[in-house]
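Note that subunit A is present in both complexes that follow, paired respectively with subunit B and with subunit C.
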Partner chain A sequence: MKLKSRVTDGVLVLEVKGKVMGGPDAAAFQDVVKSEIGNGHKQFVFDLGGVDWMNSSGLGILIGGLTTIKNAGGQLKLANVTEKIQSLFMITKLVTIFDSHKTVEDALKAYQ
Partner chain B sequence: MPLRKIGELTVPSDPAYLEKVDQYSDRLFKKLPLGKNDLDDIAIAISEAVNNAMVHGNGLDADRNVHISYYLSARYLRIAVRDEGEGFIPDNVPDPTESENLLKVSGRGLLIIRHLMDRIECTILKNGMKMTLDKFFTEG
Partner chain C sequence: MESSDKEISAVAKTATSANEGWAERRVFEELVQLLHETKREISERSPGVIPTERMGEFLEQLSRLEHLLEHIGEVQQSRLEIHLITQIALSLASALDLNDVLSLILDSLKQVVDYDAAGIFVLSKDGNEMEGEILRGYRSSKRGAVRQKFGQGLMGWAMENMAPLVVSDVSRDPRYIDARSRTRSELVVPMFTAGRVIGAFNLESDRLGAFSERDANHLMTFASHASVAIERARLHREILEKNKIDEELSLARRMQKDLLPDEAPEYERFKIAGINRPSEMVGGDYYDYIPLTHKDLGLVIGDVVGKGIPAAFTMASFRAALRIEASSHYAISTILARVNDFLNDSTKPEIFVTAFYGVLDTQTGDLTYANGGHNPPLLFRKDGQVQELSEGGMLLGAFPAALYHEHRVTLNSGDVLLFYTDGATEAENDSEQQFGVERLKEAVSVLVLESPSHIISELLKEISGFCGESGLQDDITLMVVQCL
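Up next, the complex of A and B:
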């Protein structure tokens, strides 16, 4: 898994790439989210367009991110959710807890 | 073609080895008649089964290994994942789709395996649990 963050319109956009399968990925992801909250960011977009696939640990990473952000008084939106991830959201009913948008631009607009 | 073993791999109970398992599987599956969607489903299911074996089967005990065996027949691919634990019963997990469990970060592995693979079987052995995952080749 690779992570790359940027700030657009005051929103922290975190690009996630590769295979998200837990192990060291979970700690790396939490570290980035906590660090950006520490930098004062409250509004996040996780861009999942570059994710090859993720397993249940990957889903757990997203849930952990959502919980951490919400506990800090922030908000999270997902963008570019691939068909494969969307099918996992449906199977696990996580589709009900994530605010998903077709593109990063759409997610950013939803914050305005 | 009878079922024949095409590969095997043993890794310690450390989730950092999931990537090594994935790379080994990738190399092994390159010449199989499976599309990207099926290959991704199988890769996800293997990572779930191996992670379950490491965490629930072996209790992340570094002295206990997880053994992955790969078999092939004319009709399907089989992956067998065996731990060295006391034999956990995978059905005894709370339903992760119940509203009170939705925000839990774990507990979805078996649900996902059941959805992605065509047939699964769990066998309690003397020295651990074996989970067998089958994926059938589609016609044409």
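Up next, the complex of A and C:
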């Protein structure tokens, strides 16, 4: 898993790439989210377009990210959710929890 | 000269053991001393005793004898040292405990190079700390100062330069760290394997100039044997630790197996079978039959996020919570909501369980259920239709106060209900294709007339055939309920 963050229109966009599968990834992800919250960011977009593969532990990482952001009074939107992740969201009913958008631009627009 | 003849033959005798060798060495040294004295005495007193014309010849004979003795001495010394080092290497070869190895090294070392105090220090594998040390001849109150030597001072130099260091007079070397007031000279030799320093020897003597370059060279040879023994002791310890972990994992596996049902209950109208095949020693899947009344049977299948011991803990908590709530006879939606809150309170949000819980009335065939984010069980109707039982709510444990809705279906004669975990549908072949729900449906559609246990074994074969044994990355759990 690779993470790259940038700020667009005041929103922290976190680009997630590769295989997202728990273990050390979980801690790395939490560290990035927590440090960006520490930097004062409240609005987040996770760009999942580059995710090749995600297992249930990977879903756990997203859930952990969402919870951390919400507990800090922030908001999270997802963008470029792949078909595979979307089907995991459907099965687990996470689809009702995550605010998913087709593109990063759409997600950013939704914040305005 | 008569007595020295006897002593020469004593020197020539082969050294058969370290102690004998050292006894011979002492005799040899005395003999050399005797020869020197004789030579000096002859030179000083010869006028008048030995005719002048024979004097030169006589001294020449003595010199030849001296050379011969020197040669014998060298051969004997080398043989003794080789013998000792071989003997030590052999005894090191059978020692496996790191502390035993280090003690043995230090005690054997004294036979190769004599010392008044010595220490052997071993670095941890990552090189950041000291993993082992054995000391001889230091006061226990000086232990701190001895430790300070490691990685600093003379030892620091030897380890950094990967070379031995002989200091004839420690009082003249500013790098010397004082851990023993009587020490006058010191010899330090690093130990390394594969170009990496793994530790060092430190030898101290009460005599000035007690150690020679030759001692340093011997010790380097010795150090290479010692390094091998240390590495082997480490490897042995790692194997023991791994075995212990394996034993604990297998115990955890047995305990987890005890939490899964042994055999399915039997009913007049229903045949049931289930299987759990963990991909690792300890898996994260769970299924269970919970008899509630003489006719009502709780059916559950779940998948805990992750694998291994952490997943086993969560699974055990989930099972306990569900069984307690199930026996309370609350509505199924309430049961799942309560289990969700329990898990949410007791685990981090990223730890969750996907689970389906339903109660089958084995007389009427009514199945009341709620699906907590689990892969929907597939209901194969007698007429060929396949229904997915997905109604319910969010996966369990991630969010507080989640709501669940329950739903009801009726199983009729000829219907087959398949519960599964994602290990079955996500099994991948070499081209990274997943077995998938469609293949699962097709495979079961042609098996519905078989018994549940047969359906399961055929399905497992089908999945293994699709992806090969190596493709089974995840736990697979299957449960089949057949209405007769």
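We take it that the second predicted complex is superposed on the first by the 112 of 112 C-alpha atoms of A that agree within 3 Å, B and C clash if a C-alpha of one lies under 4 Å from a C-alpha of the other, contacts with A are read in each partner's own complex, and residues count from 1 in each chain.
In this text, contacts are C-beta pairs under 8 Å (C-beta built on N, C-alpha and C of every residue); 3 or more make two chains touch, one makes a residue touch a chain.
Nothing here was measured: the structure is a model prediction, and the numbers come from that model.
**Q** Answer with clash or fit: subunit B and subunit C placed together on subunit A by superposition.
**A** Pair status: clash.
**Q** Figure out whether A:97 sits in contact with subunit B (first) or subunit C (second), or with both, or with neither.
**A** In the superposition, A:97 contacts both subunit B and subunit C.
**Q** So, A:56: does it touch subunit B (first), subunit C (second), both, or neither?
**A** After superposition on chain A, A:56 lies in contact with both partners, subunit B and subunit C.
**Q** Tell me which of subunit B and subunit C touches more residues of subunit A.
**A** Between subunit B and subunit C, B touches the greater number of residues in subunit A.
**Q** Which of the two partners, first being subunit B and second being subunit C, lies in contact with A:24: first, second, both, or neither?
**A** first
**Q** Going by the contact definition given at the top, which residues of subunit A touch subunit B in one complex and subunit C in the other?
**A** Common to the two interfaces on subunit A: residues 22, 55-57, 59-61, 63-64, 66-67, 91-94, 96-97.
**Q** Which of the residues in subunit C come into contact with subunit A in the complex?
**A** Residues in contact with subunit A: 303, 305-306, 348-352, 354, 373-376, 390, 392-395, 398-399, 422, 474.
**Q** What part of subunit A is in contact with subunit B in the complex they form?
**A** Going through subunit A, the ones touching subunit B are 19, 21-24, 52-57, 59-61, 63-64, 66-67, 84, 88, 91-94, 96-97.
**Q** For the complex, which residues does subunit B have touching subunit A?
**A** 14-19, 22, 37, 40, 43-44, 47-48, 51, 96-97, 102-109, 111-112, 115
**Q** Could you please specify the touching residues of subunit A with respect to subunit C in the complex?
**A** Residue list for subunit A touching subunit C: 22, 26, 55-57, 59-61, 63-64, 66-67, 91-94, 96-97.
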